[in-house]
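Below are the structure tokens for one structure; questions will follow.
Going in written order, the chains are labelled A, B, C, D, E and F, and every chain counts its residues from 1.
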Amino acid sequence: METALMVLAVMVITGLVFGIVLAYANKKFAVEVNPLIHLVEDVLPKGQCGACGFAGCMAYAEAVVLDANVAPNLCVPGKGPVAEAVGKLTGKSAPAIEPRIAHIRCAGSVENAKAKYQYVGVQDCAAANLLQGGQKSCQYGCLGFGTCVNNCPFGALTMQPNGLPYVDPEKCTGCGKCETVCPKNVIKMLPIDAKVSVNCNSKDRGAVAKKNCSAACLGCGLCKKNCSHDAIIIENGLAVVDYKICIAECDNPTCFAKCPTKAIEAVVKDRYPMGSAANVAGNVAM
Amino acid sequence: MEYLTLFISAVIVNNFVLTRFLGLCVFFGVSKNVNASFGMGMAVTAVMTISSILAWLVYNFVLLKFNLTFLTTVVFVLLIASTVQLLEMVIKKHVPTLYNMWGIYLMLIAVNCVVLGVPLLNVESNFTFAKSIVHAMGAGVGFGVAIVLMASLREKLRLADVPKALDGLGVAFILAGMLALSFLGFSGMISL
Amino acid sequence: MSDGQHNESNDSIFKIAINLAMACFVSGAIIAGVNFVTADAAAQKAEELKNDAMKALAQEADTFTPVDGKEGWFVAEKDGQMIAYIVPAVSKGYGGSINFLVAVTSDGTVIDYDITSHNETPGLGDKFNQEPFKSQLRGKKAENLKVVKDPSDKEHIQAMTGATISSNAAAEGVKKAVEEVVQLMGGK
Amino acid sequence: MAVNEESLKMNLLTVSTSPHITSSESIPKIMWSVNAALAPAVIFAAWHFGMPAIITMLVGVVTAVATEYIIQVIRKKEVTINDGSAVLTGLLLAMCLPPSLPWYMTAFGSFLAIAVAKHSMGGLGHNIFNPAHIARAAMMASWPVAMTTWTQMTTSVDVVTSATPLNILKQQGYAKLIETFGDASNMYQAMFLGLRNGSIGETSAVLLILGGIFLIYKGYIKWEMPVLMIGTVGLLTWIFGPSGLFTGDPLFHMLAGGLMIGAFFMATDMVTIPITRKGKIIFAVGAGVLTVLIRLKGGYPEGVCYAILLMNCVTPLIDRFIVPKKFGARR
Amino acid sequence: MKELWSIFSKGILMENPIFVLALSLCPALAVTSSVTNALTMGLTVMFVITVNNMTISLIRNFVNPKVRLPVYIVSIATIVTVAQLVLQAYFPLLYKALGIYLALVVVFAIILARAEVFASKNNVIRSCCDGLGMGVGFAVAMVIIGAVREVFGSGTFLGYHVLPISYDAPLLLILPAGAFIVIGYLIGGARILVNRIEKSKA
Amino acid sequence: MKSFHGGVHPNDSKKYTAAKPIEAAPLPKKVIIPLRQHIGAPVSAIVKKGDAVKKGQLIARSDAFVSGNVHASVSGKVTEIADYPHAVFGTCPSVVIESDGLDEWAEGIPMQRQWEKLNSKDLSAIIREAGIVGMGGATFPTHVKLAPPPDKKIDTFILNGSECEPFLTADYRSMLEYTDRVATGVKITMKALGVNTGYVGIEDNKPDAVKALQSAFEGTQVKVVALPTKYPQGAEKMLIVMLTGREVPSGGLPMDVGVVVQNVGTVIAISDAVTKGIPLIERVLTVSGSAVKEPKNLLMRVGSTFADALSYCGGLNGELVKIISGGPMMGFAQSTVDIPVIKGTSGILFLTKKDVNADKESACIHCGRCVEACPMGLNPSMLSILGERQFYEEAKEEYNLLDCMECGSCVYVCPAKRRIVQYIRYAKAQNAIQAQKEQAKVAI
């Protein structure tokens, strides 16, 4: 019994002493850490892709909490739900972000596009690009060393045997990392419900483009003529689709039918044409 | 001389991390970066020395006196946790850069095997007050040496082509194993 | 710290301290309770264990009585007749100190020994607590407690292969115990 | 890469970044040269220890190469067993083992060296520890008895055959050592030529030195490293002699154990040592100091292996602090 | 029910405390040289973590946030001390075998981590499931490590010879260095497994 | 003489052309004159398609100070102004002139001028007008170097006659055959700079050039020094430290230590421009390599193509795998022969497989050869690894990425055949992009 009392005494005294010390210290040394930051960070998908424009998820969380000017919907991979959650936590309203997907604007596979020299060196597009713009005759085309593939934080890209990357629509979050690392500017983000896509990035004149690559957009304007909604313009010898008009007004695209090089194509049912088996086969057959 | 032997033994021959397996969570958690590891080594040394002193006093003047040795665990852990928390608050307030470097790991010291284990070993081996302090400091320095070495190795491996499955923690363990193998060279050098 | 508490409570220092003290109080109560229940059993078990250990060393003995003035020493008696001293000893091995409990007859012959704690390498040095090494030491006197590496020498103790240091330590620890007993007897 | 194969067929010009010419040195050339430099010692060992040594060396090399091959196939990496580095690791490991070790121990060690120490870190160039030494240390820990059992030599020259000189020194003292060999000059001679017991490849100092000189001449190793490491060992053992300061026998310590093979062939493994010349010097001296520390104070008679491993541990730190002097830093 | 199962099961592999979360690594090395020790420690931790999770979940609303950590620690320490006392009284040999690590259960990060991350935000039943799951995951991991080390390092399992007597066990596995290396590869293996499962789910 | 740290000793391969006197190449039928032949602001054409031009006529200029005028190198008709392949930039807008075969000088050229009477300002103006840029390879506009900012006191001029690149012998032959023009050019430059101390640094594998210049500079303040043969002896930082003992600070320019360095070709051009009023329209270059039949030193018009050079040299001999504009250590590999010669083209190499080493790259084995070879005291091994792993910032902040002059010594010695220079360029490029982004952010 005596032991028991001693135990209780010791424990209670210990508890009291540390309680007082800690509580006092807590008051004395308190530092304001905004717990919101952690909450926001918890919500983010932690891909650390930087699509938000900050150095990783933590940095964005900090910025969005502390800086009133930082919008809550900057996280692209998180899509709507994350934007909403961040908006709720920070009390900022979150306009929906438009879902998008990476699109390879090049059909210059090994078969279609000529090489101008044999490259020996570091297997990286940006590095190869420093040598006279890379080994392709077409100076706008995909170099095929897969810098985008290696940089996709979500593993959505794979390199195909034909030397062009393939975007897995299931995995691509639309973060846009690949767009920023591609030295040739081949990748562009496409609205997720786009109906047609131009698979070329060449700003060469038609004859030159054709000489360099059999799948090039020649800038001939047939698609423009065939579009009844004026959604296509020819810019620097390249067809450009205005997706605002295209998506809103067109429900039966016909523009691509006449394209002599199939540089403009319908986006097939699985949302995305490039690299699909049929598409590769089509390119080779030409 | 006796103290020196004790110290050296705790630092290298019986290194707490590599042969006694104490404090591994922090050892693996923080050893990604040499600078942070160096700081952590110092922090552990400091915390361990302070808590060993307090623990020795409490044990010998309270617990032993009243025959309450079965309370050792509870009292020690509370003592250490509170000391660390106090330390954390002080550092956070006054040296924020240091705080940022260790981040959440400072809290991990509070509940870290080596920090509790050394005071426990001290009382278990009936060390005198002075010996306890030397032992604790030796253990802390040993921890520091191990974690800094580990961090430098891991910084080098960061650039290596490590198999994917092993990258990170797996290879860190294998490295620790090799570090321990190398430290076997010191074995038999000092026996207590 | 991943604390999700938004409500920064402004409780007084005292209130906070009481909170912790309460926890400690409950904890103390539980521990005291459990201790109350187990203390006797533990003490009894410890006693039993000790007796068992000593019994294992001096199998014939039926009672063990502590020796005055010699901490940790016991006299093993059979039918009131003293047959051995049970003596603790320490020596230095490969990995640190080794603790022994040695049963020695009054004329300084080893009956048996047990190693109660050591830090030798498992599978190597720790074989000194197993047969056949152990049996080598039984029946030996102080002058024969010496490690040699010559297989033909049956007078002395054969080193365990690859663990000469541990072998030496075992022999030395036991020898120390024997010598102390001899000294005690001689001093009488 | 598909892109390049295609362009190759079309006979296009090659374009790459400057420089467009390189020296003729290559990794295989270096590795095979080191193998060649070891050849005299290998042949001597085969003669000196006979069949058991030959088997151990074969098992070491074959296991190492096979392991490397399998791992590279599994990891879908280019198979580089022809570059000679796996052969070298296997061979060096075998040369640091007692001749009549059971074959499965050698195989275990060789596997460990390649699989754990080398390829788990990423393969050639990425390993932090000397694979052969990691394997030896692991084997030492695994089978301490077998690893310290020294058997008959086929060419024994009336010398004790059951222990290595360092073992005799550690366990029976210096006087016994001299006694074993007759007199001191006999001892130095036997040890210099290699007519003594020990690990397979470590005994013949003269052949190892010859191999080392070849490598220095080829520029594959820096002369400072072996010289400083051996010199440090000599100096320290002389200073800290058995009966007071400056009473040691430096010559004995320099010739004994694995110091020669360690200093010429293992402390010089560029993958695991500092990159700068100054760093290499620090490494060599440090390894020498640790060798002496372990020999004189440690639990083992020999310390070269652990000394090198311990210096491997600090190599990244050395590289961090010992950096080349940059041009233009001085005004 | 399904939810509880998923709370329970995640601790076993997907969030295994040792192989995946890398918490509580000390016991995973220190007391796994034999399966018996590993199992005892595993069960002890399982007991402590479960009881503690329930306790914390019960008292979470009464704890002042400023002393949250000390209170949690007191709770854990109490449970550990109880376990200590019981083991000491009824299983003294096991008590001795676990040595200082038994007291150190208090500071195994996994226990506090579960208290902080899970139990302090969930009700008793869920916390109990979480604790059990983590505890089982811990125990399983311990036993796996122990089995590898014991079988290959001494040729026995639970003390019985499972490999031929002629098996010349490499002591390395029993030593610290070997323990680190074994766990390194086990972690690698677990990572491959976890990735496979995640992939098959996706 | 204590040499600078590092450097390498590649086979100098100068035997192909060292003994061959400079030959003037026949007049090309057509020249392609790129509008970017220098570092600095681009120039714009002041002629248009169809215009008739004379040799030496100004055809493109810019108002920017750091820029270089461009002149017609033959007389004839402008047939096109369009993008053409370029040895350094890939493609570049160029003026194409079809030669009329008459090779007529523009009005007022050549003329006679007493340079001794001109002051430094006039000299600079003439040099600027003549479109002279550095002919050692970097093509930095020469008049800019001759007009240092007032806070930089220039006290020394160095003529870079080291020509350390293998294969190249153009400077060597020029020093032997155009000794007087070289001497005059040096004197003019020193006057323009207002300095009295001059050095000529020549590698000691060209003893006759040393002798020739020694007698040419007899009795002047200009010292002709034979330097140990070692690549990159000709890099200006190495040259300066060898001749004056001054180390150009990290990130600095020669003028920071009071020195200006010029190439042999450049001073010849200066001499011609000042004494005869002839702008820079032709240069001496070496055509060599084991894939050409008759390697030669040629005097070629700017704008003639590599194909012209090849045909003057007897065509191909063996399988061509690589064409290099410049030397093998620093030059640029080309993908076609239709590349125009520009002011900075010091050599054209046609190489076969045996010259080129295209072994596979492997991981760095930390042998340290590159560290020992790097004249800039860098750690190329680390730079390449960091580049490979995309740690550009770390390479810049902690491993002095930007100090690398891309001399290629490290790659030359690397047994793992690591493409260190490519990694370095890549890392530099990525850092530049990053810096641009940062600036853009600040601007917003």
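Convention: a residue touches a chain if its C-beta (ideal position, glycine included) is under 8 Å from a C-beta of that chain, and two chains touch if they have at least 3 such contacts.
As the structure is a prediction and not an experimental result, all values here were calculated from the model.
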### Query
If you check the contacts of chain D and chain E, which chains show up for both?
A, B, C
## Note on the structure
Neighbours of chain D that also touch chain B are A, C, E, F
### Query
Out of C-D and B-E, which chain pair has the most contact pairs?
B-E
### Of all other chains, the one whose Cα centre sits farthest from chain B
F
### Task
Report, in whole Å, the distance between the mean C-alpha point of chain B and the mean C-alpha point of chain F.
60
### Query
If you average the Cα atoms of chain C and of chain E to get two centres, how far apart are those centres in Å?
29
### Task
Just give me the whole-number Å value for how far the CA centre of chain A lies from that of chain E.
41
### Query
Residues of chain E that touch two or more other chains: which are they?
66-67, 70, 74, 77-78, 81, 85, 169, 171, 175, 177-178, 181, 184
### Task
Two or more other chains in contact with one residue: find those residues in chain C.
2-5, 11, 16-17, 19-20, 23-24, 27, 31, 35, 39, 94, 124, 165
### Query
Of all residues in chain F, which are in touch with two or more distinct other chains?
333, 335-336, 358, 363, 419, 422, 425
### Task
Determine which chains touch and list them pairwise.
A-B, A-C, A-D, A-E, A-F, B-C, B-D, B-E, B-F, C-D, C-E, D-E, D-F
### Task
Provide the residue numbers of chain A that touch chain F in the complex, in ascending order.
116-117, 120-122, 124, 126-127, 130-133, 139
#### Entry: chain A to chain B touching residues, read off their complex
3, 6-7, 10-11, 14-15, 18, 21-22, 25-26, 28-31
### Task
In the complex, go through chain C and note every residue touching chain A.
2-6, 11, 13-14, 16-25, 27-29, 31-33, 35-36, 39
## Note on the structure
Counting only contacts in the complex, chain E reaches chain A at residues 66-67, 70, 74
### Residue numbers on chain E that touch chain B, as the complex places them
22-26, 29-30, 69-70, 73-74, 76-78, 80-81, 84-85, 100, 103-104, 106-109, 112, 175-181, 183-185, 187-189, 191-192, 195
